[in-house]
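Consider the two complexes below, in which subunit A is the common component and subunit B and subunit C are the respective partners.
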Partner chain A sequence: MTLRAPARLLGGLLLAAPAALPAQALVVVDPAGPVRTVTEALARVAPGGRINVRAGNYSEPVIRVAVPVTIVGDSGAVFVGGDHEIFVVTADDVTFRGLTLRHVEPSYVEDRAAILFDSVANCVVEDSRLEGTFFGIYLSRSRGCRISRNVVQGTSTAEMSAGNAIHLFHSRDVTVDGNRVTGHRDGIYLEFAEDARVIGNLSTGNLRYGLHFMFSHRCEYRDNRFVNNGAGVAVMYTRSMLMQGNTFADNWGAASYGLLLKEIRDSRILGNSFRENTVGMYLEGSARNEVTGNTFEANGWAVRVLADAEGNRFARNVFLRNSFDVSTNSRSNVSTFRGNYWDHYEGYDLDHDGFGDVPFHPVRLFSLLVAQHEPSLILLRSFFVDLLDAAERVMPVLTPETLRDDRPLMRVPA
Partner chain B sequence: MSRLASLPAAATLLGAAVLACAAPGPVPIVLGERDCDHCHMTIADPRFAAELVTRTGKVYLFDDAGCLATFAVNGTVPPEQVQSAWVNDFRHPGTLIPAQDAAFLRTDAVRSPMASNLVAVPRSAGDSLRAALGGTLLDWAQVLADARAPA
Partner chain C sequence: MTTTVRVLKYELHNVVRSRAVLVYTLFLFLLTDVLFRFGGEGARVVLSLLNVVLLFVPLVSVVFGTMYVYSAREFTELLLAQPVGRRSLFAGLYLGLALPLAGAFLLGVGLPFAIHAKAEAALWGPLSMLFAGGLLLTFVFTAVAMLLAILFDDRAKGLGGAILIWLGCAVLYDGVILLLITMFREYPLERPVLALTLLNPIDLGRVLLLLQFDTAALMGYTGAVFEKFFGTSLGRVTVLLALAVQATVPLLLASRVFRRKDF
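And now, the complex of A and B:
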């Protein structure tokens, strides 16, 4: 008897408190109410439940998502930020779908993002649209996430830097696929990310790189297009990468390139297309990489290999209409070229085995001169330079004697 | 007479030539246009960009004060050929300050392009920046000494 009265009292208190409302599997947010904000909906939704956001403009203080939940926007559901993040997620298993996020102001101190995932697993952002947000989607110390089919559109200019559209920091096992990213510092940036997959994205019009890896091992990127960025893709201080089937195009500028490799080891670069870049591919301090079946077309320099790049193997690549096929900065060479197609090759194939009978030396003497004194480039089409190149080809004196293709293909491989 | 008349013209030409050869100095940085002369990354974040000017007026650009420091000690440009070194004021990007007049804060609160995580402000603002962000304050000589030390 003495026990029941406090129990009844406790029950009454629980009923009176809003937290005692039974958690709902589905909460609808609507500008007309009764639930008008996502913050309020998060207080009501059951873990693992769903929040549906009806069309309307929502401007809330930072929305903190600390329970597993799926937040789905109807067409026309727009979140407007300000001088703060829009969503900060600290729970596992959170999904965003079909939202529009707008306007996150730049900050000189913090990497302010539209959606920040902080130390979570299994997050998803899909079919959403981000406009004018400083950083777009930011994953910090997270794993097992997927970022799919979003449009992230920034506003960077030559005067004003922006953040990165999709940014992974200390994260692993993340898939980034089918996104369109533009107008940021880097389209997609990975720092200390491992086992990431970047597939089928379009990255264009970014100030620095379309895609950028720093200290990120065992990642792969396939079938992406990197067009008209400051430079295409930079992969730095990284090993065991797979780069396959990508297009690097229209990266023009005094020092622009399709693909910059710096301190890259044991990676594979297969079946990519490098088209109309100042430099197609640039290798520095990179070793034991396999470069196979790529097409280099209409670049200023198709491939620049610095002398400190060792043991890289080039095979079955196609070189077409490049001003320079290969250039280097030294006579010593420790990369191998074998069985590539060179449209500058003028040899013959008497035994009809499909390979030229005399080696091809892809480094023009003139490219060495240009490497040492860039303004001499103005002489590119002059008769005297052609003469120099021809003489050097017959008797290499200054160009790397070992940098040659002993089995140049007579035809573009199928 | 004609010789006399041409005097002002000659003076103007001489003046123009002198102006064109003005003392070497830093240049404005256009983002996304130039590569760092040390690490080759494209310069895209004005907060961390830096410059080194030689006595002959050649300007080297960097995306990170750490790249400037490494370049300054690695001998590509001999020390006696260095006319000046410049860093951006972290709080007012686009405003260059001489490296020797700057306070450098090495902090985990921000991430610079090449992970030196060095930010620069005028010396008078060093203490307030450290109070805001945390980290270690250095002067230019210490930054250079760190760059000389094997990593």
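And now, the complex of A and C:
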């Protein structure tokens, strides 16, 4: 890469210098100017040059970008697709800025995207708007790219005919930050995308997952908001990731989770906020994860840990106003809860060390009942059920004895 | 009508002056106030008040109501000796009992909210349902109290019946539902369970507040019947209507018995 850059620069200068060759450092595309299409501009621009797109509607066949170039749109520069991609990029160092891309028809055969990057490095898409595109920004086998501050707005209503807003496939070292994605199948989808950073995005109103990633190791997700997506956020078959400071909210439905973890290992989930989800966090087959300092508020089930989730550590989390704090599917349990704040805790702290003197059992008998006989959910908050729970708490017979917090916090940690 | 108003006026005087209603108001006021001082924020206080509304309000309504109607027996007989229509006398008696209790609830719970709670839009839903539930339960259980006190001449019987009915509605009924659910687990139970819930006023009050606080959990249920019921405002309207019906039925029965009773 570093070796090639000067060579390319030199090449660019050489190409730009002779007047006979049309290669220019700056080409302006204008509906009324000498250059009226980006395809034409791409034929004229020097590698590493810049194309300015003036306001107007552009409807071209697939625009293939095969030279390093920066394409900048004035406000009002709109590209309209059709039954094909709008941009297909096969060169490194291509930047898109301030473009508006509209209407790419859904396809049941190919993953059509507004912008497709295929096997490139250092690509950038920023400050652009994508409206009604099937797939929005699609990175395939690419690395070192950045997708920043875009608005990707879909109009999909059915999962089968919907694409993903931002789709990373087999890519490395990609940053996705400050985007707003909505109305797609998955807001942000990563598959075999390693070392990615997903920061400060808002993903809302997507049909399936706000964020979905598979086999994407060592990724980092910080300060994103995932609100009101069909099934929340799903992360699967991944290890060594960091999820910090995200908000998972308003994911309602029988198969809806704030955060679904399946086969996640050695990861850290720190300081996130889970609000009003049917299930806040769901752990299945996940091991050795550190879940610290998160807030679970007003969820149906705050945490659901299946028995095959091993050695997960829950500490300094805050549980407030959840219908059920923790539920599980077995009497055996191999995760630890220690030093969390539970608003259902009724113990005392005689030695004033800030920790309750009697352990807290967060799994209620009633949550087992509901798991076995779903219609009994209607007895939630019934006095009779409270009596049963109290009896079980004194003498755990059916609920997992080991799933308990020996040092429940007396106050919400600062 | 004027007779009703006159009886009502006297009754109101009498009930409001009675220490029990004052104590009831004060208790509710102190409890809510303390919850605010310790718990802080409005929605959580409503949640803590849930069991008070579901257990305490019906208990007080039915026990105090029964006792009151018994103690007003002589007064009632005296009035019956006058040219007074039984219908209007009954209406006066019932309203004279239910209104002060309802007022006590409104005042006792409402005042602390007026003092402490911040006016947030999110609080209106739960709060209005809390008041709707509490008031309707007061009307239901005072109606039941009237029926019991008029039906049985023996005080012990009436009072025993009142406590039994309260215990049945508040505790045993849910146990029976749970038993049925576990016994008939192979069957689709959503409809029967929903119907059973609609028959018990305390369960109705509970569902009314569930719809405010636990929608997230309720939406986790896979059955379509529940989701339709809980997911739309249809559920809330149905519950409120059912509660109104449950107040009316014992009242009509009591009125019928009252009109035909040979005092």
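Definition applied: the second predicted complex is superposed on the first by the 389 of 414 C-alpha atoms of A that agree within 3 Å, B and C clash if a C-alpha of one lies under 4 Å from a C-alpha of the other, contacts with A are read in each partner's own complex, and residues count from 1 in each chain.
What we mean here is this: contacts are C-beta pairs under 8 Å (C-beta built on N, C-alpha and C of every residue); 3 or more make two chains touch, one makes a residue touch a chain.
Values in this document were obtained by computation on a predicted structure and should not be read as measured data.
Looking at the shared chain after the overlay, A:381 reaches subunit C, while subunit B stays out of its contact range. When both complexes are overlaid on chain A, the residue A:108 reaches subunit B alone and has no touch with subunit C. In the overlay built on the shared chain, the residue A:300 is in contact with subunit C alone; subunit B does not reach it.
Looking at the shared chain after the overlay, A:253 reaches both subunit B and subunit C. In the superposition on chain A, A:33 contacts neither subunit B nor subunit C.
Once the two complexes are laid over each other on the shared chain, residue contacts for A:354 go to neither subunit B nor subunit C. In the superposition on chain A, contact is made by A:321 with subunit C only, not with subunit B. In the superposition on chain A, contact is made by A:369 with subunit C only, not with subunit B. Where the contact sets of subunit A with subunit B and with subunit C meet, they give residues 253-254, 256. For subunit A in complex with subunit C, the touching residues are 252-254, 256, 276-279, 298-301, 321, 323-324, 369, 372-387. For subunit B in complex with subunit A, the touching residues are 30-35, 39-42, 44-47, 90-91, 93, 109-111, 115, 132-133. By the touch rule above, subunit A contacts subunit B in their complex via residues 108-109, 111, 156-161, 185-186, 191, 207-209, 214, 230-231, 234, 236, 253-256, 260, 262, 282, 284.
On the side of subunit C, the complex with subunit A involves touching residues 43-44, 47, 50-51, 54-55, 170-172, 174-175, 177-178, 181-182, 185, 189-190, 193-194, 197, 203, 206-207, 209-210, 213-223, 226-227.
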